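Below: a set of structures, written as structure tokens.
Two complexes follow with chain A in common, the first pairing it with chain B and the second with chain C.
On to the complex of A and B.
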């Protein structure tokens, strides 16, 4: 049995001032319209997004579930980046418990000071006093990565330039402003060694997918985008026990996804990665097997499409970023721009990753 | 769908505070007990579903730290759905195995309500800041409204409700993991301080620290692990609208009736009180056990109030309910739903601390939100009813 994506709904990604359930509703409604189905045809509502502080409300699915259409239906929430809800929706359909499910991701970072909230995720014994905001964790990884492999600031700036250029062509991207290597190198230092354009900016937005079991999927849409492989995995919490110059959770997740799909990295023709920093852009590509450690830069010089969406560096709604990237890849496959691609999402300070293989 | 069984259960002791252990240490304590119960090692667990409700824990996304209890390098998924979190985490782990993607998966939930000053103001931040937050809406205030409405409509008395508390407290005395252990009678309940009229102190749950783990296995693997597994016969989850004020009638829990109907149809249950031997229901307040018994068809509408008073829900009655002492005596909020499933499974295995004789089928239930969510799971010693 295969499981396919038969509907996609993406809202505007920006700072949303209106009540946020309206945005979630918009994503769900757009996905249903895209699939040509009604709410009553969906049996399971699988939500993805952070809780409480991350969206300003405790039990955030309380207000998102009705907006998603979950009234009197099966509804559950994966409390992480919404891309992690895809495996749960997949398993529910694979179990035979669901025929048609919606997976809806919500990210509302403008509701809270995310850095302050994230500090509360640190354990109170060892890390909290360090007041490590996520960007500070990323900076440590960047520092380790640059030193381990002598990666130049110019090369890293090019990753930003390329994402920004791609975002200009993406209607859904948040940051739409082209830049140059010089501009990046002359911009303010945010957290050493990361400069301001090298770190993803927070925004708000929702994404929804309609997923269906193979035979039903073909009735809804003659050309579904199939989910061929999924892998998700966690790395150690303690930064001191991690290899900071590598993203091992991504590597493990990718291995599982490739194995399930029966493919290798050479077999894909488009990639969407959650590059929260310029260094992550290379580190993720390396962990996914597209380049040797320290050589992620090679892909910038090739024609291989990475982040045609503009990546997380241009669109990062805390909670729905991974699903946003996945939606972009699904559209590329639908439009014939790609045959088989992989999407990646990451959370924590690079601690948890999910990799998904999508194909025609 | 692959047939799935519960093959191991582990619970920590639940207390007001578990200052003796850190978050991951507490998680590991439950995991280790479940592994020992199933005679498995950590390496045998292929995937983990983890549940908690961050706001009550004084730590945000505690799964990142808790993964060090045994999840590093494994697929590890965080579930959070309010009061139903424990049971939806169990459901997620069940789906890991039912899908055929994994042979052995663990659900583990950890909660430290002792870390927050007061759970009710925290819960109040879940409701709409414009319409409902200022009313003080939380778990106890909505339960008090349920009680008031039920009393007005069906003549339910404070004494009727007190019997539910007496039954739960008597049961908890036999459960070594239970948090509140008080040998009390109806008089003590009725004379306890009023918390939120008409609910009195001894009609309300405590806030507990603790963890629970449940191991799910595919049919082939389950048979090798133990000869008395608890087979999962079905599940149902339902989600209502956001506003507590929009519930049509608080004297009935209609969403639970709908979820129960779906589960029973799927599992082939005609007569719940006959086909189900034990129920572990999420009743942090006395009135809620009454509403749940009625919603699930164990009692007719308006007659659930008599069940405790007449001994029907006591261990030797026709419908033993919450023999573990229930949520009334132990409530680690985001883990509580999984405790229900753990206790229901132990009853089916014949290994519960307050074992009811000859149990073959048991029901686990959790509710969450401000009366918004319900989750149900049915387990049995039989593969099919």
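On to the complex of A and C.
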């Protein structure tokens, strides 16, 4: 039995004045309309996003479950990037517990001092007092990566330029401003060695998917986007015990997803990656198997479509970024721009990754 | 326009350091850094933990490591994050002599205002040494930062 995406709902990605649950409701409504189904036809309500401290409410489901249409039903949620809720929705259907599921991802940064919240997520005895913002963790990975493979600042700036260029063509992207290598290299140093445009900016936005088991999926939508493979993995929490010049969680997640789908990286024709920094852009592509370590820049010179959405560097809603990228790939497949692609999400200073294979 | 309301959480937790953490923090009081050695892979782990997550076995051999080591990676923050210290501040991972894993720590003792100059000093391989609080209290902040070792 295959499992397909039969409905997609993407809200605007920007700074929303409305609280996250009202934006989430819009995403859910749009996805149901897109699938042409009523909420009573849904039998699993899966929620994903930065719960608790992330939105300043310890039980976000009090708002998000109703926003998903789950009034007096059940819900289950993942307090991580919403892309990590996709395996959960997939498994509920695959196991036969559910026929039609909604996966609703909420991303909201504008009410939250994100870095201060992220510091609270660190170990309280050994790390929290060191005030490590996530961007500082990414920067230490960037430093290690550049140092290990002699990657030039120009090549990294080019990754930003390319994402920005792609975002111009994406109605849903947040940062819509073209830039040049020169401009990136002359911009302010933010978190050394990362300059300001090399780090994803926070925004708000929500995404919902309607997923269904094969027979029902075909009845709902003549052309579902199938989830061919899934993999997720996590690396050591202790940064000092990790290889910081690589993204091993992504590598392991990708291996599992490829194995399940019975494909290799050569078999896909589009990829959406959660490049929270310019270095991540290359590091992720390498971990996914598209280039050797240190050679991710090769893809910039090729025609291979990476982040047609503009990537996380242009759209990074705190909690729904990975799901946003996945929705973009699903739309590309629907529109005939791609036949089979992979989508990637990462969280926790690169500790956790999830990779999905989507196909026609 | 919508109304906006301020909210703040101040919740006093009491976290247990556990037997391993307690031994580590008590040693900090003496300006000593302790790690544990995994009986299987033989790595000396900092911070110490009750079990080696890689080998999934108890770690019960204590090893004192030096308060001096080499930088493996570094970052310097030049932007202000809400609720975090004023920039600039430097953070890195230091592999202490005698340890097999790196330790997340603050770096200091040099002028951080110009990143180009900082880069000349703090880089992978730079030897650094802990600068301790005069009267350590048994907390991770007893190590104020690591500074470059002269020569």
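Simple rule for what comes next: the second predicted complex is superposed on the first by the 360 of 360 C-alpha atoms of A that agree within 3 Å, B and C clash if a C-alpha of one lies under 4 Å from a C-alpha of the other, contacts with A are read in each partner's own complex, and residues count from 1 in each chain.
Throughout what follows, contacts are C-beta pairs under 8 Å (C-beta built on N, C-alpha and C of every residue); 3 or more make two chains touch, one makes a residue touch a chain.
A quick note: this is a predicted structure, and the numbers were derived from the prediction, not measured.
When chain A is checked against chain B and against chain C, the one touching more of its residues turns out to be B. In the superposed model, A:140 makes contact with chain C only, not with chain B.
When the two structures are aligned on the shared chain, A:45 is found in touch with chain B, with no touch to chain C. Look at A:116: by the touch rule set out above, it reaches chain C but stays clear of chain B. Applying the stated contact rule after C-alpha superposition, one finds that A:71 touches chain B and leaves chain C untouched. When both complexes are overlaid on chain A, the residue A:250 reaches neither chain B nor chain C. Of the two partner chains placed around the shared chain by superposition, chain C is the only one that A:190 touches, whereas chain B remains out of contact. In the overlay built on the shared chain, the residue A:238 is in contact with chain B and with chain C. In the superposed pair of complexes, A:61 makes contact with chain B only, with no contact to chain C. Of the two partner chains placed by superposition, A:332 touches none, neither chain B nor chain C. Common to the chain B-facing and chain C-facing surfaces of chain A are residues 53, 124-125, 236, 238. By the touch criterion stated above, chain C contacts chain A in their complex at residues 1-2, 7, 9, 13, 15, 17, 21, 25, 45-47, 53, 72-79, 81-85, 89, 91-93, 95, 101-106, 115, 118-119, 123-124, 139-141.
Residue ranges on chain A touching chain C, taken from their complex, read 17-18, 53, 56, 113, 115-116, 119, 124-127, 129-133, 135-136, 139-144, 147, 188-193, 196, 236, 238-241, 244. Looking at the complex, you find that chain B touches chain A at residues 1-2, 22-23, 53-55, 58-62, 64-65, 67-68, 71-82, 88, 91-92, 95-96, 98-101, 122-123, 125-128, 235-242, 255, 258, 368-370, 372-373.
Of all residues in chain A, only 21, 45, 50-54, 57-59, 61-63, 65-66, 70-80, 84, 87-88, 90-92, 94-97, 117-118, 120-125, 231-238, 252, 256, 348, 351-352 touch chain B in the complex they form.
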